[in-house]
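Presented sequentially are two complexes of chain A, the first with chain B as partner and the second with chain C.
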Partner chain A sequence: MSMIPKFNQFSLPKPYPDEALSSWMYRVRITFPEPEIRALRIMNNHEKQFSPFANSYANFLHGRGKDLDFSFEHPEILEFANTYDLSLEWIKSVFSPASTQIIPIWLRSDYCLQCMEESIADVDFPVYLKSWRLILKPFCQKHGCVLYSADNFLHSSIDFAMSIFEYDSDRLYELECVAERLKKDAEVQALGRMVMNRIDSILSEIKDAITHEKALSFVMTLLRITLMTASWGNYSSVMKFNVQANKKFEGENGFPMFYQLPYRVTGMARARSFYLIGLLLGWIDEEQAKNAKQRDDFYLVTSARNFWRRVEYKPRVRTLLNLYSTSFLGVSMLVSWEYFDV
Partner chain B sequence: MNPSQAIQVAREILEGDIALHYFTDEHLNLMQRLEESLLSPKGEVILLQGSAGCGITTLLRKLETQHPTTTRMLKGDIYIGYWDFVNHLCDAFNVRRGDYQRNLIPAHLLRVLSLTKCKVLLIDDLDIYIANENELDHVFSTIRTLSEKMPAFTVVLSTRNEQLVNRFFKYAQPNWWSHSIRQRISIEEYYDLASRLWDGLNEMYSLDVVTVNLESIEPRNGLDLQVANKALRLHFVEQFLRQQGALGSLGDFNGLDEYDS
Partner chain C sequence: MFKYILPLYWTPSLRVRVFNSDHYAITPICFAMDCQSGLILSHSFSYGLARTDLLNLAMLAFRENHTHSGGGSYMFRSAFGDLSLAVRKLNTDCTTLSLTNLKYTKSTMYDWHKAGILLEDLFYDWPNYFISELDDYRCVSPLLLTRLIEIVISRFNCLVESGGISFKLFAANQSA
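Then we have the complex of A and B:
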């Protein structure tokens, strides 16, 4: 084992700004596969049989189904840190998420193609960014565009970004279509982004942890309300609404769906949710909304009143909103609430 | 410098890489032309020919280490015979080939090539990437397609396979050129090499070794680049050790050059 070169964070490829741990792990292993391979080469059969090292190397090849972005105590991440002589504290300090509202690994699907292309120019690899896993960030932090959604089978792979970049002419055509459709909808998205930024700045202003948590829950509840089945008409022009995943809970009753949908929908759908939240909070007025709306987007509401009319009466929702109200964000701010609050 | 340090430096000089720029004017011109092509890639395809041991591999490795961000050496020594040329290209540029038809260039390889800063591909010994006869044509048609689609994509390759050289000229475009690296040198070039090499070594190691009497160290086996290089380096090292007074502490001078025995 003494022949294994010891690496540290200074000799390995530098993590790209905002890069997720799984993406960096993949790059490190591609660039410096030596520790495992060399060690395995110098071992005799007996040593190999009893080496935890050989087993863990075999496990590296089966990295699917584990959250290697954020679950830092996962054995594979510990093994990785050990092999490359990295401290777990350093890994946590660099790769921790910026928010607690994270999309589970098995529903991970969002990415920004522009960011990936820029990273190829910079570091020769498409990288996956950790901010794409945040529920309240359906827009790219750098380019401001709505995040694209990948196919469902990519969700848990460690080489997510590499797989995104494996395409043929059919997929090129698909990407062109997505870009075209999103471009048509740009004004509604711009309003959604404004709402997201405003919510972001309100949340960052709150210093008290409990109030912050309540305000966050208020936003999440609004997100859930705007994604309720009754409101799905608003998403008829969104290219991809939900991430394909296990349909076990769907159709049983609305309760699990109510809680799960923000996690299960694509970045494009969440971007539109923010537009609807803007209407509900009165941050987008009716005229603005009418100007932004596409002519053929028939079912998209342009006022809070029409939104509340469509949504059924659900006392639980009212209770939740009342429960999470704070002076920063509360039911008193909701426009046309009287249609709902009966 | 104490004797043991001097012996260490002597070893380094003897084992140092062959530096083509110390050789003839012709080598010097080639180096300059290659440097230009690497600094501003113009989509050239350059074939380097030469007999075994004439320094092509060293040259390509040197180009790679001097221009790490703009050049990429083709890897793929593990997968000989199983992959086709496009697979090797994908591997070099960190692209997944995917499950597509053989010999078809994936769309995303072109995208990655247009994005990356590595515009120069170095291929040392193209023969090893050839799995079968069909590949002989396929390699150069692929390179031609890539250089048509990516105007800056430059390839520097070497081969000693006659069939591949013929294919190179068959597929050649106006900006494709080849160069044969000469191994035999004339006596004048040998004297030039001596002065360049010794000056270069003095400069590299900040030494002031004076070397004279070239006739006495004329290589016996003819004026071959490798032989001349080795003989001149040995002479330089001998003078250097004598100057440092380390020759006495070295029991057997031949022991310095472990490859000579």
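Then we have the complex of A and C:
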């Protein structure tokens, strides 16, 4: 029998639309703490120091590497489900991600401030949304704005949303400057958003699993190409490119890094990548690109031909794009491909 | 049943932590490919064993798997050799075709270069459930490497078997 919780004023808080599991777990535990946590709240500092549970709970709050958003078989999630009498099937049905291309927990940094403010108004908590961890969604699904990026090592906190919110409330002037700079780049972002939506709608049309996997790999290869070192000039006006992470999560040489780049960069950088993909697929023409570009964004290309010129690992990239071509997305659609395909 | 089995060697730059040691090894992996279907039949990797010997291991694992399905084949899939050979600088992130050309005739109808590129792509395109088990993006434990190779082979064979990706040289077919 599946255990679907009943949500009312006396029961567990209802998951917010698109809320990530770690965020909901945090809210549940704050609203209805387990007996041990309740005991912890009334302990004094001396008692806490000698409590084994206090130590393990502190480790839990600051533990690294546990993906409590999407690793549904993780012992802590199983324990949580058991404590609150929830079925794993129900948890999976509500909190599963909408795409397989996910930013690793160590590198999550993106969020939408407006969504957080709205969730505070609705449920009294800043809520963390699962779509913010999707590589192919650098724009807010509700407001359409490009996602902000947290500037520090908050990614592993279980109370990620709360930590970001507290962090942001101390840097209001800085946030105003960020908003001002993003506003200047609004037209390029709008083109990037159009490309993201178009790719999303193409991928959702594909019913065959193998064709879908190929089309997704084609998009991911384009994303990686647009993020390569040789293309970094296109990002000179993007406020923040890399996500801060431990050295251990960096590739040693260029080739593994080629694969890691999509999740090592901020939503702002991926938004710019979609603009570049739009140029390559011919969905943005040169005139549109020139009109959208800021006057002082000197290195941003406005044509596919200029982009292909800078691409590294040419034979590999060419073979990959050929291998993953489908009738939905393929090399035949790439503008100035003949320049590259020599 | 299998006319030609071709070894495809892949040397990733991802290092492997050697059991009970502080060493990190560069581990060439040998994929035994069926030239008829393009599928990967078996694999092996080592810590410092000569690459040509890897094919023997992969074939042993394959034969063992055929005679006793699911049992015993793991013992042939990885082997210790001269560890000092495994920590030297090698040309990594490259695929190499058979080193024993005289013994194993290559099929001319397939583009094995493409197969190598696809293997590389699947090797580094890590799914999220695999990433969440990693402690480090530069080196893995032997167990994680084994899991990674199994994921790669399963995705590779699925793409090839379904016809989603083909390595046939169409130009050669047309001209024939």
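In this text, the second predicted complex is superposed on the first by the 287 of 342 C-alpha atoms of A that agree within 3 Å, B and C clash if a C-alpha of one lies under 4 Å from a C-alpha of the other, contacts with A are read in each partner's own complex, and residues count from 1 in each chain.
Keep this in mind: a contact is a pair of C-beta atoms (placed from the backbone, for glycine too) under 8 Å apart; a residue touches a chain by one contact, two chains touch by 3 or more.
These figures come from a predicted structure and were not determined experimentally.
On the superposed chain A, the two partners chain B and chain C both fit, without a clash. Residue contacts after overlaying the shared chain place A:Ser163 against chain B, while chain C stays out of touching range.
Once the two complexes are overlaid on the shared chain, A:Gln260 sits against chain C while remaining clear of chain B. Using CA centres, the angle subtended at chain A by chain B and chain C is 140 degrees, rounded to a multiple of 10.
Contacts of A:Ile30 after superposition: chain B is touched, whereas chain C is not reached. In the superposition on chain A, contact of A:Arg316 is made with chain C only, not with chain B.
Contacts of A:Ala121 after superposition on the shared chain: chain B is touched, whereas chain C is not. Which of chain B and chain C touches more residues of chain A: that partner is C.
By the document's definition of touching, neither partner reaches A:Trp90: not chain B, not chain C. After superposing both complexes on chain A, the closest C-alpha pair between chain B and chain C lies 28 Å apart. Of all residues in chain A, those touching chain C in their complex are 65-67, 70-71, 100, 102, 104-105, 210-211, 213-214, 217, 220-221, 248-253, 255-256, 258-260, 316, 319-320, 323.
If you check the complex, the residues on chain C that touch chain A are 13-14, 92-93, 113-114, 117-118, 120-121, 124-129, 131-132, 135-138, 158-159, 162, 164-165.
On the side of chain B, the complex with chain A involves touching residues 93-98, 100, 106-108, 111-112, 115-118. On chain A, the positions that touch chain B within their shared complex are 30, 117, 120-121, 124-125, 162-163, 165-169, 171-172.
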